[in-house]
Amino acid sequence: MENFIQGFFNLQVYGEVFPFLLNGLWTTIWLSAIVIPIGAISGLILAIGMTQKNSRLVYWLIIVYVDFFRAFPPLVLLILVYFGWPFLGIELNKLTAVVIAFGLNNASYYAEVFRAGLEGVSKGQMEAARSTGLNKRKALLYVVIPQAVRNVLPDLIGNSIEVVKLTTIASVVALPELLRAARDAQSIVYNPSPVMLAALMYLALLWPLTRWLGRLEHKRGQ
Amino acid sequence: MDAATGFLFTFFNIDVARQYADVIGKGTLITLSAGLAVIVTGIVLGTLLAIVRSLGCRPLSLLIVAFADIMRSLPPLVLLIILYFGLSEVGVPLSAFAVTWISLSLVLAAYAEESVWAGITSLPKGQMEAARSTGMKWWQTMRWVILPQGIRRAIPPLTNRVISITKNTALGSVVSLNEILNNAQGASSYSGNPTPLMMAAFAYVAIFLPLVIFSRWLERRWIQN
Amino acid sequence: MQTNSTILDVSGLCKKYGNTDVLRGVNLQVREGELACIIGPSGSGKSTMLRCCNLLESPTSGNIIAASHELMNPEIDINRMRQDVGMVFQQFNLYPHLSALNNVTLALRKVQNKSKDEAQDIAMQALDQVGLKNKAMSKPGELSGGQQQRVAIARAVALKPRIILFDEPTSALDPELVDDVLNVMCDLRKRGMTMVVVTHEMAFAHAAADKVIFMDEGVVVESGTAADIFERPREGRTQAFLARYANRMRQ
Amino acid sequence: MQTNSTILDVSGLCKKYGNTDVLRGVNLQVREGELACIIGPSGSGKSTMLRCCNLLESPTSGNIIAASHELMNPEIDINRMRQDVGMVFQQFNLYPHLSALNNVTLALRKVQNKSKDEAQDIAMQALDQVGLKNKAMSKPGELSGGQQQRVAIARAVALKPRIILFDEPTSALDPELVDDVLNVMCDLRKRGMTMVVVTHEMAFAHAAADKVIFMDEGVVVESGTAADIFERPREGRTQAFLARYANRMRQ
Amino acid sequence: NDAPLRTAVDATFAPHAMPKLGGGVQGFNVDLGEEIAKRLGRKIVVEAAEFSGLVPGLNSKRYDFLIAPVTVTPERSKSLLFTEGYLDTDYTFLGSAKSAPIENLEQLKGKTIAVNKGSNYEGWAKENAGKYGFRYDVYGTNADAVQAIQAGRADYNLAGTTVVAWAAKRNPALKTSYTIKTGLVWALAFRKDDKEGRTSVSNALKCMKKDGTVAKLAQKWFGFEPDATNAAVNITPGTGVPDMDGYDATPVTPTCS
């Protein structure tokens, strides 16, 4: 037990590495702030392509895309993008590689979420908007999408929390997000306390969101 | 070497592929069994927790909520690392497989608990009353009337989670679990060629694409009913 | 019928929710084989009283003896008692994931531990009684409201209870479907089933009830034969209630 | 009124869904300022016809000229045309996420590019016309069905269309709320708005319509003044339809 | 050529490469890389990545060469091009301070060894596990492999002598144990087709050995003076590591400025 406390709750180590981890936390936050909107917007576009059934080909291409990337582990995807694309003549820095891998992966999940949301908006809404002379783009933008977002707000938040958690895999390409910072610190102090401290930071960051989400979901269930 | 042959030589190198096929194969078995174990344990445990929560005992419910919140807020990789090194520091050195299995099961259980619980609470109160009024005991009602409906309602929101959590078996590579990715990374740095990573990619798709397609089917079937 | 023994005996029944007195000393008796209708304004405590009779609500004080079970005895075997005291709900409360047949067999198998075959025989008989033998395999979602309520009645009947409590069994039904259910209930009565029915169907109460109980503000104001209550109500409150009802019908 | 010009001219309109002919050569004219009611049995193609008139459905063949727009001209500016041809739906189809006011202003701002202030002024006028000025800030969810439908009418009116199409505007309403909506429509007519109304409210059609059109099986069987159609129907099918209706009312 | 040299280390391999708490990396190999770059008149970017990602990164041209301490082995020589060695490397076992150190490999029977994924220590463990009857686990980082000893998951970590010494010095719960003499060296790795890059860096390395820079770095980070036979001092006549694939025996005279 003594060992365990020394190993995981070593206050002295906490103090030593705190500023370092704070940097990592900051990286996690801005990384999330980049990848979440990108994933959400591409997901929305895919979902629109899926639900506004203009072309069966487009529909099936999107389904194949979405299912493939839902099946593909993001960690493996990141490694392939980072180390593989240069062979195709596309060379990416860490951040771009992470953003692209996350974008490919997240878009598929967000697409499924938005699809459910769009399907929940009655056909009459589009018709009503079109009948007042709004073109399709404007009708989607001002009438259909706001309602779709509302329909699935809890899922959107839930998925975004998942994305924040997923940023930990950026540590394999040594992007210095929170977990990476903790692991680096661990290798300096030869003590796993930094990882524990990182866990506490993740909790501090995400627990309020999870709680809020729980509330929203509960309300929807009623 | 022009770009195309370079690409093939690098990513689809037959010699390398042949050499490491069995390592990747073994990893695939581990990933498969870890994935299955996680799905089964996570869903069963989550359902049990939801049942305990519906007993309505406040301290127990609070514990369960706290558990679910923490598991849903922590990145699984962090949980994995802490359990792997932490458990053995307190004298329970479980194998990498066991730790991967347990930590992902806990995460899935947290989500399953929330979904099943939501499924249960969304049922009209009359279901419980009607069953009790025929003389069924609380747990009989739970078993035969409430749970079958609650779980049914929990399935659509849960499918996406099951997939993404199961894919996280790849994180086991960090704690020395010899699953696909770990073996592939080892092989690719050992051979100095990323072909094993490509093989891993194929193996993952072969394992998880059926799961994704199955979940789509399940969702559609459930919605129709 | 006067000679039959009392099967439901409620005396001095009180029920509080927090500080509000919902039942304030209810007394009533129902004899074996009787069809008793409970009428009264909304919020008068009819449902609460009925639900106390099989302990879906626990009384605050008073005494209830139902089918020889002393409900206020702390050692009572509730599930045993509920075998003898059936219940039918306004919202039917069928199990949507089970077929009509399995809705009926579930308690037979899990509570009375009957074999599958035996349970199915009994259930088919009960479904036959309510005229739904041919719907045995349908899920509740495939049945009309009236059919669902008849399955719910079959579910209660199949357990061979000594008394069945009905809480507004026809209030959730479209008007065209009400009669089917009331017919089934009349039928049951002819076979000697004791029934206590909370209802707003005055015509039914008038025509079919052996005994009518008028409740208001948590007490039984007046009770007697259907003719007594509907044709010669003694209490002012009863008269007022019936007058309002007659009025509404006329509109 | 006879002297007014034709504002909606449908001729030889056909519409197929796959192999089923839903409209089989519809001809009809509506003149400026007229209130035309379209009646006919369910499935006769009334909604389809109406929806063709603002291209929510695309006709298979035939000709439509609505408010001077040639709908079958492939180069038509649909959104421009829809400014002149308004529509009100059975299910209201208000935008649930916007207040009544913003339901009305949306197209004013995003299609007609009016300033916020100007759009609000116009919208408030329109809401005033339907008697809902005081509900401008309410969300649709907070309004009764009748109020929602009146907001939907205001939404159409605010764009100053030259003709408004109504598809069973009162069918989704509770009986008590129907009159409010019909009154608003009568009011509109007095102000000179041209309206084409698919309806099952025979009394309204009889009393308010300048022209009644009876459709059956995808064609216009008969049309004329309200008096013509309701009091001296010439065609057997019209007579049968009206008789069935009268019968149903009596029950 | 103004573009900086791009290279990478596994920053969990102290004291060769390790993170600085303030950000960035430091260590023997980082200094070595910077010195080489200076002599080539180029800037250098040292990226931190997992060791198992380095070779793929090199192959994909993300890195020009690997400054991480790559041990030259016959297998690797088949697919990579090496400069001559800049330091001898033996393998040393790291164990818990509480347990008795091992004196020979036979004592490994029934023990568990933790090694870094993709490293030659993993390779050694794989080859010898059957022979000596031990188990081994592979970890993404060497730091995790060391952590595994402290957590009681493994009995020994196997890594380069310098690394093991550093860990034992920094952490009193650990101590060094048996050393396997290998006769192997650490060298810089290039892509198989990048002869030109290797030649120029080899040349710089020879000069650095000649003027004692490498030895000074060893003194700074490891605290010992390498003797004349050590690759840190001893200059190879040709280019590459003798007796390995890719060795170019043509004698070279270093041209130093």
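When the chains are written out, they are named A, B, C, D and E in that same order, and each has its own residue count from 1.
Everything below uses one rule, namely that contacts are C-beta pairs under 8 Å (C-beta built on N, C-alpha and C of every residue); 3 or more make two chains touch, one makes a residue touch a chain.
Everything quoted here is computed from the prediction, not taken from an experiment.
The fewest steps needed to get from chain A to chain D, moving only between touching chains, is 1. The minimal number of chain-to-chain contact steps leading from chain B to chain C is 1. Of all chain pairs, the one linked by the largest number of contacting C-beta pairs is A-B. Rotation angle relating chain C to chain D: 175°, from a CA superposition, given to the nearest 5. Note: the chain lying farthest from chain D is E, by mean C-alpha position. With each centre defined as the average position of its C-alpha atoms, the distance from chain B to chain E rounds to 38 Å. Centre-to-centre, using mean CA coordinates, chain A is 18 Å away from chain B. Chain D has its Cα centroid 50 Å from the Cα centroid of chain C.
Taking each chain's centre as the average of its CA atoms, chain C and chain E sit 85 Å apart. Among all residues of chain A, those that touch two or more other chains are 7, 79, 83-84, 87, 192. Each of the following residues of chain E touches two or more other chains: 50, 53, 56, 59-60, 140, 147, 150-151. Annotation for chain C: no residues touch two or more other chains.
By the contact rule set out at the top, the touching chain pairs are A-B, A-D, A-E, B-C, B-E. Interface of chain C with chain B (complex): residues 54, 56, 79-83, 86-87, 89, 91, 93-97, 106-107, 110-111, 152, 155-156, 159. Residues 50-56, 58-60, 75-76, 79-80, 114, 117-118, 122-123, 137-140, 144, 147-148, 150-153, 193 of chain E are the ones that touch chain B when the two sit in their complex. For chain A in complex with chain E, the residues that touch the partner chain are 7, 16-17, 19-20, 23, 79, 82-87, 91, 94, 172-174, 176, 183-188, 190, 192.
Within the complex formed with chain E, the chain B residues making contact are 1, 10, 84-86, 88-89, 91, 93, 96, 173-176, 178, 182, 185-186, 188-194, 197. On the side of chain A, the complex with chain B involves touching residues 1, 3-4, 7-8, 67-68, 70-76, 79-80, 83-84, 87-89, 109, 112, 155, 161-162, 165-169, 171, 179, 192, 195-196, 198-199, 202-203, 205-207, 209-211, 214, 217-218, 221-222.
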